[in-house]
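Attaching a single structure in structure tokens format; questions to follow.
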Amino acid sequence: MNTTSSLAFQPVLERIAEEIERTPGRGRAADYIPALAACDPRSFGMAVAELDGTVYGVGDWREPFSTQSITKVFTLALDLAREGDELWEHVGREPSGNPFNSLVQLEYENGIPRNPFINAGALVVTDRLHSRTGDAAGELLSFLRAESGNPALDFDEEVAASESAHGDRNAALAHFMAAYDNIDNDIPVLLDQYFRQCSIRASCADLALATTFLARHGIRADGTRLLTLSQAKQINAIMLTCGTYDAAGDFAYRVGLPGKSGVGGGVIAVVPGRCTLCVWGPGLDERGNSVAGVAALDRFTTLTGLSVF
Amino acid sequence: MNTTSSLAFQPVLERIAEEIERTPGRGRAADYIPALAACDPRSFGMAVAELDGTVYGVGDWREPFSTQSITKVFTLALDLAREGDELWEHVGREPSGNPFNSLVQLEYENGIPRNPFINAGALVVTDRLHSRTGDAAGELLSFLRAESGNPALDFDEEVAASESAHGDRNAALAHFMAAYDNIDNDIPVLLDQYFRQCSIRASCADLALATTFLARHGIRADGTRLLTLSQAKQINAIMLTCGTYDAAGDFAYRVGLPGKSGVGGGVIAVVPGRCTLCVWGPGLDERGNSVAGVAALDRFTTLTGLSVF
Amino acid sequence: MNTTSSLAFQPVLERIAEEIERTPGRGRAADYIPALAACDPRSFGMAVAELDGTVYGVGDWREPFSTQSITKVFTLALDLAREGDELWEHVGREPSGNPFNSLVQLEYENGIPRNPFINAGALVVTDRLHSRTGDAAGELLSFLRAESGNPALDFDEEVAASESAHGDRNAALAHFMAAYDNIDNDIPVLLDQYFRQCSIRASCADLALATTFLARHGIRADGTRLLTLSQAKQINAIMLTCGTYDAAGDFAYRVGLPGKSGVGGGVIAVVPGRCTLCVWGPGLDERGNSVAGVAALDRFTTLTGLSVF
Amino acid sequence: MNTTSSLAFQPVLERIAEEIERTPGRGRAADYIPALAACDPRSFGMAVAELDGTVYGVGDWREPFSTQSITKVFTLALDLAREGDELWEHVGREPSGNPFNSLVQLEYENGIPRNPFINAGALVVTDRLHSRTGDAAGELLSFLRAESGNPALDFDEEVAASESAHGDRNAALAHFMAAYDNIDNDIPVLLDQYFRQCSIRASCADLALATTFLARHGIRADGTRLLTLSQAKQINAIMLTCGTYDAAGDFAYRVGLPGKSGVGGGVIAVVPGRCTLCVWGPGLDERGNSVAGVAALDRFTTLTGLSVF
């Protein structure tokens, strides 16, 4: 990794935004629920947050969008902080090598999901956090508000209800793992917790700030330690190898940073010890990642040299 | 990544060797062929090579061992240098999420292996390099001799013959992909090429040196360019996400460097822009990676801060 | 098939019962719910019903037991009678070639179960019958009472509750198929219907009589037609190829009759145009079929020549 | 099974031939090798052989065609006659529930094919027969000549060579099973034996006659016993449950007889204790069975009542 000691992020962001603006074709917004389908696929925002909380942004960087799977990173951090390595007896840390909802591998491996970022794994993490806190979704929301400094962050109950109405695959996953004794809570309770987490709306600025604890190796915005250095590395490593569905290898090559995407079109990324990023563009590629988001991160690491490889 | 500007590698290596020496339990050497089973599982060597070719070492770092799957990295580089992105139409870049020999995913994905480091993928790369050069194994050997500066490197014909005698799974993979038109050469010719490559014997010093072109972003020892910057990044990314069989996630977390292991007990790793490493310890864990090798790399990145995350 | 024109069934049954009595080892009763685990694995009953409703029996042939998956045959008949071939767009007629609960094949084939006798398929049939009648379990119970002439047949609510408490795999299957739009009813409603059906208690005599409509090519006990000749053949064929979990090939060879087993230890069988049989022995083999039940049917077809092959 | 004591087969065959003649659409001939692709899809022949060797026929019933997978039945009989139940430790007797060439199930079940009629299973049977006789293909040819009374039957070396040139999937299967120690002979030797067997040309009359030993419960044309009664039943049962690729359930329902199809467009069927049939029509459905062949057998059992169910 080549670090440029005093980078001016703002001109970089503006250059990227111009390039993205000129790029034809941005994929299609997710259409399985109305709230996502309604997004303008030409929306684009990008933010960089430095370790001290300074944020730079461009485009729609202050507009809230549906965070969806991006929240899996924070739920993982919150549970890992509480229970430590015991978590890894209930969910693995290896890439899945299959489309993100597949039940096959889950059956082959006796109800232990491959990693915390496939849906099955995220359900397990939520289940465990809920058992420890009594309100997994509330814990997550409090954390995001505190780290982003934005008390207005909230659930989108309409999105949560839509997800629930299309929630049969997740219900199947949850019941399937319950059959292997890998789920503690009642399934409807768990699913409600899960869908509410995914429904949280936040902007690029909010998410870039909320992610900085990973760039600070586990230290929260208020200076307290959430994760050990080792745990922070653990999460970054999982983001790099498993953060973008079945395109993690591609993302590792093109972007070369730990990252996590969501079907709402957001992508977060971490430059350990340096800064965090969040990009939003609702149009997705066929593997469920934001077309503009991955392109913008690709350009960012190329322009700044802030890549792992 | 925290870089220490003037690291003294030798004391670090010696400290690691002492720690490994005191560690009980080192796994079991591969026993499917006699030459590997005969290795002393207590052997241990480690070398670091800087970009300028300076090498530091400890223990059995000058003793040749069977490189096995480590050669997949070099074959990939040699073919990628020749045909460029066309290669990616014949082999993917995503983690496999399954034990390294599995046929399931290969069938599901119509004969296109997930990545160049599972056996199926390495067979495709060898096949393509052989079609382009007429002697894939010879090309590889020449390259390793040149980069390591060691003209004594050679095939181990006894090991190659042993592999061939136990080669039914690889033969099945090759025929299976041929049925999908993803293999060009005759299968016996291809298998001979493949097993001879895996049989090459080299020491930690040799392999650390031979890997430096990846730390130099594609530049060979003689200063000529083998790979574009982008291709070098590509290979590093694939090493990080797919280099250690079904333990890539674990390796990414513990070591945090692009790496590639072989069942001969060797592991190579790359610190982009800085140095390369090779460790050898014949005892393997249940996923086929060197127990001492992964432990030593783990300690190295912890002691030096030379990790990606 | 060699038919013996005037068979005396009673002596055959008594000879079989004696042989079974002398046989050591009868497998283990299902133990996933208490009511099944409490069964004496040495219980044994067997009944033969002729087309005119004459019944012969031996041992515990009048003792009620938990019918479990045997009811899948009757639910299939009731739904097929109502909707005809349209059913086959929602469930297949081919053997599954996998343990009976596997999700793999269901995913591979887009939520269409392979046949009506694996759990996924039986859930689809129950779902469709329930949509057509508003009370699938009630329809089934009425049918069994009418055909057996035993108005005392009833659900075992304790067993239904136990099944429900261990119902996560079936819930997973149902939600999974719902995600493919292959389930109409709410999942809790469907599961309640399904578990109540499986809980019905009936004796060998009851079940042999209730099955005679299949030996009469679709004609019920009261002389009315439930199924067309073609539909009756359809069900017999599915019983032969899919009626005994992953042992259908073995059953076809040993018994050579259309049959269906349940984990309660019952097995029914059909000699088309001639008679029906029901055997009960709670001890199961490793594939979930009654050890004594299959052995008794094997002896019956050997002694009488009433086999298909 | 309703048996009609003195059936006049000839008028039945003629009626069926007329109906088939009027049927539009007959599927497509296999086109993976030239010799099969060259067949006229409108060809049609059908023969019935009684237990005493009397043969009735219609259409192209005396024209030789490529027997292909039909030979699997005879090879199985020849090996089972020699080694008995030991064979079942190397190949199963259960339906495969997957397209006939799938490697997945083979991996899941450690190299033991599900049944002798999928390609993997047939390779195992051929391998074992070859080990016992030194010339599996020669044994098969002698048997077919003797049973059909036609000394002109022979291999079609051109077809065998074509199969061999497209034999990568079968080579993959053979090597894969060899890796599980379930193949004894050298793979090229085994494949040569296998492809030569499949290449034998015979007419409907020849094959109906050659199959009569199964209708006679194991007795050959010369009155000697090849199989025990039990072994003959075993083969009939496997034909019913596994004889028509992934359409065995459908075939059982429509035809209701033990049968075996080949991609050359032939289908044989057995009415135990009564007669045998062979139909030929080169046009195949999407599951690889002769469209006209299955339709003709369907009509035959409907018209004569000679069905199992």
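Read from first to last, the chains carry the letters A, B, C and D; within each, the first residue is number 1.
Criterion: contacts are C-beta pairs under 8 Å (C-beta built on N, C-alpha and C of every residue); 3 or more make two chains touch, one makes a residue touch a chain.
To keep track of the chains, here are their UniProt names: A, B, C, D = Glutaminase.
Owing to the predicted nature of the structure, the values given are computational and were not obtained by experimental measurement.
By the document's definition of touch, chain A (Glutaminase) and chain C (Glutaminase) have no common neighbour. Taking the mean of C-alpha positions as each chain's centre, the chain lying farthest from the centre of chain B (Glutaminase) is C.
The distance from the centre of chain C (Glutaminase) to the centre of chain D (Glutaminase), with each centre set as the mean of the Cα atoms, comes to 32 Å.
For this pair, chain A (Glutaminase) with chain D (Glutaminase), the centres built from the Cα atoms lie 56 Å apart. Under the stated contact rule, the graph of chain-to-chain touches is a ring, a single cycle where every chain has exactly two partners. Contacting chain pairs (ordered by label): A-B, A-C, B-D, C-D. For chain A (Glutaminase) in complex with chain B (Glutaminase), the residues that touch the partner chain are 1-2, 92-98, 105, 114-115, 232-234, 236-238, 240-242, 246-250, 252-253, 256, 258, 272-273, 307-309.
Of all residues in chain B (Glutaminase), only 102-104, 107, 168-169, 171-176, 178-179, 187 touch chain D (Glutaminase) in the complex they form.
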